[in-house]
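What follows is a set of structures to go through.
After this come two complexes, each holding chain A, first together with chain B and then together with chain C.
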Partner chain A sequence: MSLSRSLTDVTRIPGVRGALVVSRDDGLVVADALMEGVDGQAVAALAASLAGRMRGVTTVLGQPEPVLLMLGGTEGLLLLAPGPSGLLLVAVAGPEVNVAELRLGILAAAGTAY
Partner chain B sequence: MRAIERWVEPPLQTFLAESAARVTLLMTSSGQVVAQHGFTRSLDVMSAAALGAGILASTAELARIMGARPLDAVVHQGSAVGMYLAGFDTPRGRWLGLVVFGQETSLGLVQMFFARLVSDLARAAPAEEPPRQVLAEDFEDELNSSLRTLFGR
Partner chain C sequence: MIPETIQALTAQLARDPASLVFLPLAEALRRRGQLDSALTVATSGAGRYPEMAGAWDLIARVQSDRGEGDLAFDAWTTVLRLDPDHIGAHKGLGFLCYRGGDHARSLRYLQRAAELAPDDAAVQTALARVREIAGARRVPGYAEPATDPLRAMDTEPDQALLVDQQGRLLAGDLRGQDGGSAGEAVAAALTGVTREAERAARLLGLGTWRRISLEGGPAHFELRTPTIDSVLLLTRGRHVPAGRLAMLADRAAAAARRWLEELR
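This part shows the complex of A and B:
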């Protein structure tokens, strides 16, 4: 699946304000599809940092790397799914999004659905 | 962290705390050091400033030859540490920033917080003072004073 196809599949879900493919090591944007007003560079940097920290936590706990991370806020949520080749698929969504649908969508797009 | 001009300290302190950079050097485009964090020897900071200014000058010239706009930033990524070198405009003229970072942070975070540092510096800069005449007899005193400020001795 191409990167743009992955992004399209995620942004098609109602309530999603944008999706990005991020380099996990660098926190840089590889590809994005964002609504106006979403700072892709900041989302990418912070999402990669968050994923790195959580990877560290699970390593310390002797557990496998998480397949999905969700950070909820009062005005929306951020979902991260580590994908292949050191990439990270990130979705930014408003509070109105159907979380279950987004969860399935981002896991499928990241190629880690199970 | 040490700075020649006190107003640079709060924005730089915030940048250091947020980006987790190991070494940071702010300088003018001619290589004159404005502030530094992480260096312990004056020789190192002077060499780094001169080399950083030289690298950006070289890339600017390369861009000119290629008919492109001057490049804003240069990144060297190693296996253990990376280096981010960028030029930016301030109310005090064009400055350069050199940031060395390790695996505890990422290039994305450094880039993002550096952009915030640039805007914080623009807000914090006091109104420009009239240029002072630098006399030859004052030069050594001023240089020593700057070195004391930067290295605390």
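This part shows the complex of A and C:
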């Protein structure tokens, strides 16, 4: 499955504002499918930074890197799923999104997109 | 307040976004029942003036009107951090605790409000009512000892950690892979997480951040921010369903919030 197809599958979920593939090391956008008004570079940089910080926490505990990270806010959420080759699959969604569906969608995309 | 006045205040705020006119405007909107708009205006004002107790008090009252007791509790706790003698915050917290069935704490807040405003008839009435419901008067000077919130609620020790914004341990502990204490190291790793999450949530239009969930490996993690200057990390084995872990984290955060507020 191609990158663009994986991103499209995630963005088809109602409430999703955009999805990206991001390079973990430098926070650069590799591919994206975003609604107008969503700043892909900002999402990529913030997602990579947050993932790195949380990876630090699990490393201290001797745990492997998380397979899914969710930042929940009052008006939406950010989901990250690390994939192979130093890439991260990222989705931004509004509060109305079905979290369980998005969780499964992004995990599937992370597992098949590379 | 008549709609024309709201229009005039709105226009004034649009001309000068740094103006303090957001206070009467948000209050006017709250009184008219336009709670979403009132919250937007008050939150924006508090963003510009984060050290202004009155702005947070306004947010708390709007959130209380919206039935968002936990958020109102947070906002009033912030008010007391900025102004420990804020009467409105003591009254508001007294009301929230009463509504939540915590009459002892409600009594404490209302007693303080009564000390600060001895002529406030509404406070005296509320105080008398809560005293009657509580059914007992405290011996003057007596205070219940605060217990470690994470141990008090947790039958499995060393699976939760509470740290301040500087990464200093406040309560709890976690075990590393070798079985030794990893609390201090995790606390250090958590330093700056709040600011990072706040920044990400703000720039991505996610509102105020409430939680971070991590899944994977043999354990799952939940992060909460019980107060604006603390972070709670809770972990369980992956056999604990994600929804249950989120609920446990919410309960731990509420216990930690009360504990921190009592300590202060």
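FYI, the second predicted complex is superposed on the first by the 111 of 114 C-alpha atoms of A that agree within 3 Å, B and C clash if a C-alpha of one lies under 4 Å from a C-alpha of the other, contacts with A are read in each partner's own complex, and residues count from 1 in each chain.
By our rule, a residue touches a chain if its C-beta (ideal position, glycine included) is under 8 Å from a C-beta of that chain, and two chains touch if they have at least 3 such contacts.
Only a predicted model underlies this, so the values are computations on that prediction, with no experimental measurement involved.
*Asks:* Following the overlay on chain A, give me a clash-or-fit verdict for chain B and chain C.
*Replies:* Fit.
*Asks:* Is A:P14 contacted by the first partner chain B, the second partner chain C, both or neither?
*Replies:* Neither chain B nor chain C is touched by A:P14.
*Asks:* Under the stated touch criterion, name the partner, chain B or chain C, that contacts more residues in chain A.
*Replies:* Of the two chains, more chain A residues are contacted by C.
*Asks:* Can A:G86 be said to touch chain B (first), chain C (second), both, or neither?
*Replies:* It touches nothing on chain B or chain C.
*Asks:* Just checking: does A:G62 make contact with chain B only, chain C only, both, or neither of them? Give me first, second, both or neither.
*Replies:* The answer is second: A:G62 touches chain C but not chain B.
*Asks:* Give one of first, second, both or neither to describe whether A:E75 is in contact with chain B, with chain C, with both, or with none.
*Replies:* second
*Asks:* Looking at the overlay, what does A:A48 touch: chain B (first), chain C (second), both, or neither?
*Replies:* Touch partner of A:A48: chain B, not chain C.
*Asks:* With both complexes overlaid on chain A, does A:D26 touch chain B (first), chain C (second), both or neither?
*Replies:* First partner only, chain B.
*Asks:* Looking at chain B versus chain C in the superposed three-chain picture, what is their shortest Cα distance in Å?
*Replies:* 10
*Asks:* Do chain B and chain C land on any of the same chain A residues, and which?
*Replies:* 42, 46, 49
*Asks:* Spell out the part of chain A that touches chain B in their complex, as residue ranges.
*Replies:* Counting only chain A, the residues touching chain B are 22-23, 25-28, 41-42, 44-46, 48-49, 52.
*Asks:* Going by the contact rule set out above, which residues of chain C touch chain A in the complex?
*Replies:* Touch residues, chain C against chain A: 174-178, 182, 185-186, 188-190, 192-193, 196-197, 199-201, 203-219, 221, 233, 235.
*Asks:* Taking the complex as given, what residues does chain B use to touch chain A?
*Replies:* Per the touch definition, chain B meets chain A at residues 77, 105-109, 111-112, 115.
*Asks:* What residues of chain A sit close enough to touch chain C in their complex?
*Replies:* So the residues of chain A in touch with chain C come to 38-39, 42-43, 46-47, 49-50, 53-54, 56-78, 92, 95.
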